[in-house]
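Here chain A shows up in two complexes: once beside chain B, once beside chain C.
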Partner chain A sequence: MAHPSQLGFQDAASPLMEELLHFHDHALMIVLLISVFVLYIIVTMITAKLTDKLILDSQEIEIIWTVLPAIVLIMIALPSLRILYLMDEINDPHLTIKAMGHQWYWSYEYTDYDDLGFDSYMIPTQDLAPGQFRLLEADHRMVIPMESPIRVLISAEDVLHSWAVPSLGVKVDAVPGRLNQTTFIVNRPGVFYGQCSEICGANHSFMPIVIEAVPLAHFENWTSLMMEDA
Partner chain B sequence: MRNEAHAEPPAPVHGRTEASHTEARVRDTHSLSEEQHSFTVRYKSHLELEPRTATKEVKMAEDIKTKLENYRTAPFDARFPNQNQTRNCWSNYLDYHRCQKALEAKGEDTLPCQWYKRVYTSLCPISWVQKWDDQRAEGTFPGKI
Partner chain C sequence: MAGEEQENNNNKGFRLLGILDVQNTPCARDAILHGAGGSLAAGLLHFLATSRVKRSFDVGFAGFMLTTLGSWFYCRINNAKLRVQQRIIQSGIKNKIVYEGTVLDPTNKPGAETPSGPS
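== the complex of A and B ==
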């Protein structure tokens, strides 16, 4: 989850998000270097006392300041395209979950074996237990087995919503009448938070997404318990 | 059906010499090495003695049963490789009901149709399935079954 006055990304919990983090570090470093360099040139130009008013052109420097930026752009594009294609790789999911957006809650359906479905409402601030996070906690979490490819199919029952979990690098629009697919693997056990990312009415800020990644045995226990309660 | 044609070499056709006989038939075993001989004997006995048990249909039914028993979730479908899986869900729903209708009309076992049912149950939201089932009951279902 996000921390107060956080500047960077949340810690990655999936391999794709790790790749995105590293790429962001790489691109940001290039951008910083260019900015510092340009700032230095500006300062030098302004503070120099002597100026040569007879320079008209210079083939050599013009070639350099065309070729070098092209190389820099290629150095940014290649890792970026690599990640883009990584995202689209064909994978073989172990589990399919449907996340349906409603005004103003999410509902999750696990129908591979039995008809398991439940709603996930935000816990109101006045009902929070000590240590829980304001506007992020939900009454029923989406529990998934860790280290397994999970396919999530996202749709909506009324208006546009968006299912986002930053630590997994996932943000997918929930469109009524359309089924959008995303797949991810969670590297480690834990609880991961996200919030609805498409304006959907009065309580758009109050329909969070909570994913709990657990070992497979615990996931199986949880599904049995949920089926009993239903 | 037994392959008796391989038991002895066929009589040479007029105009053909022994040397030009096709290799498809089993060769005269006297001129072979020991290894070739034992292989040929085993091959011949396989063809002559092993009766044909499973028919193609029985084998297919066993395959679909195994597939259904080992079902985990809807597998990757190359017809729908991208993010939009709406058509995947719709297609499998239609295929299940068409399969049921076709096999029931023929009076055959509808077990193969269960595959489509498992896939559409995995993929389609419960509310969509309920809506389509209601529409089929009313006769207002927009798809062709």
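== the complex of A and C ==
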């Protein structure tokens, strides 16, 4: 989860998010250098004593300030397009989960297993145990096996919602009557938090997403327990 | 305790011009330091050669841009190659554990388990 007053991205938990962080660093370095350059030009122009009212054109500098920005844009676009196409690669998921948005909770259905489904409501602040996170904890977590490609089919039962988990680099709109798909792989075990990302009513801020990535053996134990309880 | 220390470290990340977190971005600190060094060297050498102050500042700035960019790309490319190698090694370790003791184990020597001939 994010720590207080965090400005940057959360640590990546999926290969795609790692690539996005890598690209973000690259883009920000270019942004920094352009900003420093503009600042230097401003200072130079303010402190210059020379003026020339008779300059009409200058082919050389116009070529430079056309070609250089084009090169910079290509340097940004090529990695960006690479990641864009990387996101759409087909990777044969091992597990499919349906995430349905409701007002104001998420429900998860593991249709690969018989009758495994549950609702995930936010734990109210007054019911939190010590160490739990306000507005982020849910009573039932979406448990998935780590290092396995997971397909999540996202839709909504009433109004627009959005299923987002920043540390996995996932944000997909939940549209009533439409099925959106995303796939991801979680690199490491842990608990990853997200929040509804499309305004959906009074409790839009109070329907978090909690993903718990566990080793496969633990996941199998969990599914057995859940099906017994059901 | 360790978590609090880590949070303190994260909070103290210094953002150059409020844009780039130099401490927590791989290669950023080295690139900026190399850029500063390159800028100083280029500007100073130009001034010593020409005694022109303003132009030396311009040359120093150009040196900063080029050195920073060059150091950044060199470091990031090496970083990317290391990450690829790390992933290959990780998947190799994982596969070794999965296939160990089976027919698919690459370390299995084909003649090791054949029974000895009649004495």
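Keep in mind that, in the parts below, the second predicted complex is superposed on the first by the 230 of 230 C-alpha atoms of A that agree within 3 Å, B and C clash if a C-alpha of one lies under 4 Å from a C-alpha of the other, contacts with A are read in each partner's own complex, and residues count from 1 in each chain.
Convention: contacts are C-beta pairs under 8 Å (C-beta built on N, C-alpha and C of every residue); 3 or more make two chains touch, one makes a residue touch a chain.
What you are looking at is a predicted structure, and each value in this text was computed from that prediction instead of being measured.
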item	value
When chain B and chain C are modelled together on chain A, clash or fit	fit
Chain B versus chain C as contact partner of A:L20, first or second or both or neither	neither
Touching partner for A:L7 - first (chain B), second (chain C), both, neither	second
Contacts of A:L28 with chain B and chain C, given as first, second, both or neither	second
Which superposed partner A:V170 touches (first chain B, second chain C, both, neither)	neither
Partner chain(s) touched by A:C200 [first = chain B, second = chain C, both, neither]	neither
For chain A as apex, the angle formed with chain B and chain C - C-alpha centres, to the nearest 10 degrees	100
Which of chain B and chain C A:G117 touches, first, second, both or neither	first
Of chain B and chain C, the chain that contacts the larger number of chain A residues	B
Closest Cα approach, chain C to chain B, once both complexes are overlaid on chain A (Å)	19
Chain A residues contacted in one complex by chain B, in the other by chain C	none
Chain A partner contacts - residues on chain B that touch it in the complex	71-76, 81, 83-86, 88-89, 121-127
Complex interface listing, chain A residues touching chain B	90-96, 98, 100, 109, 111-112, 115, 117, 151, 153, 155, 157, 172, 177-182
Parts of chain C lying in touch with chain A, wherever the complex brings them together	7, 10-11, 13, 15-17, 19-21, 24-28, 31, 58, 61, 64-65, 68-69, 72, 76, 80, 83, 94
Chain A - residues contacting chain C, complex	3, 5-8, 18, 22, 25-26, 28-29, 31-33, 35-37, 40, 44, 147
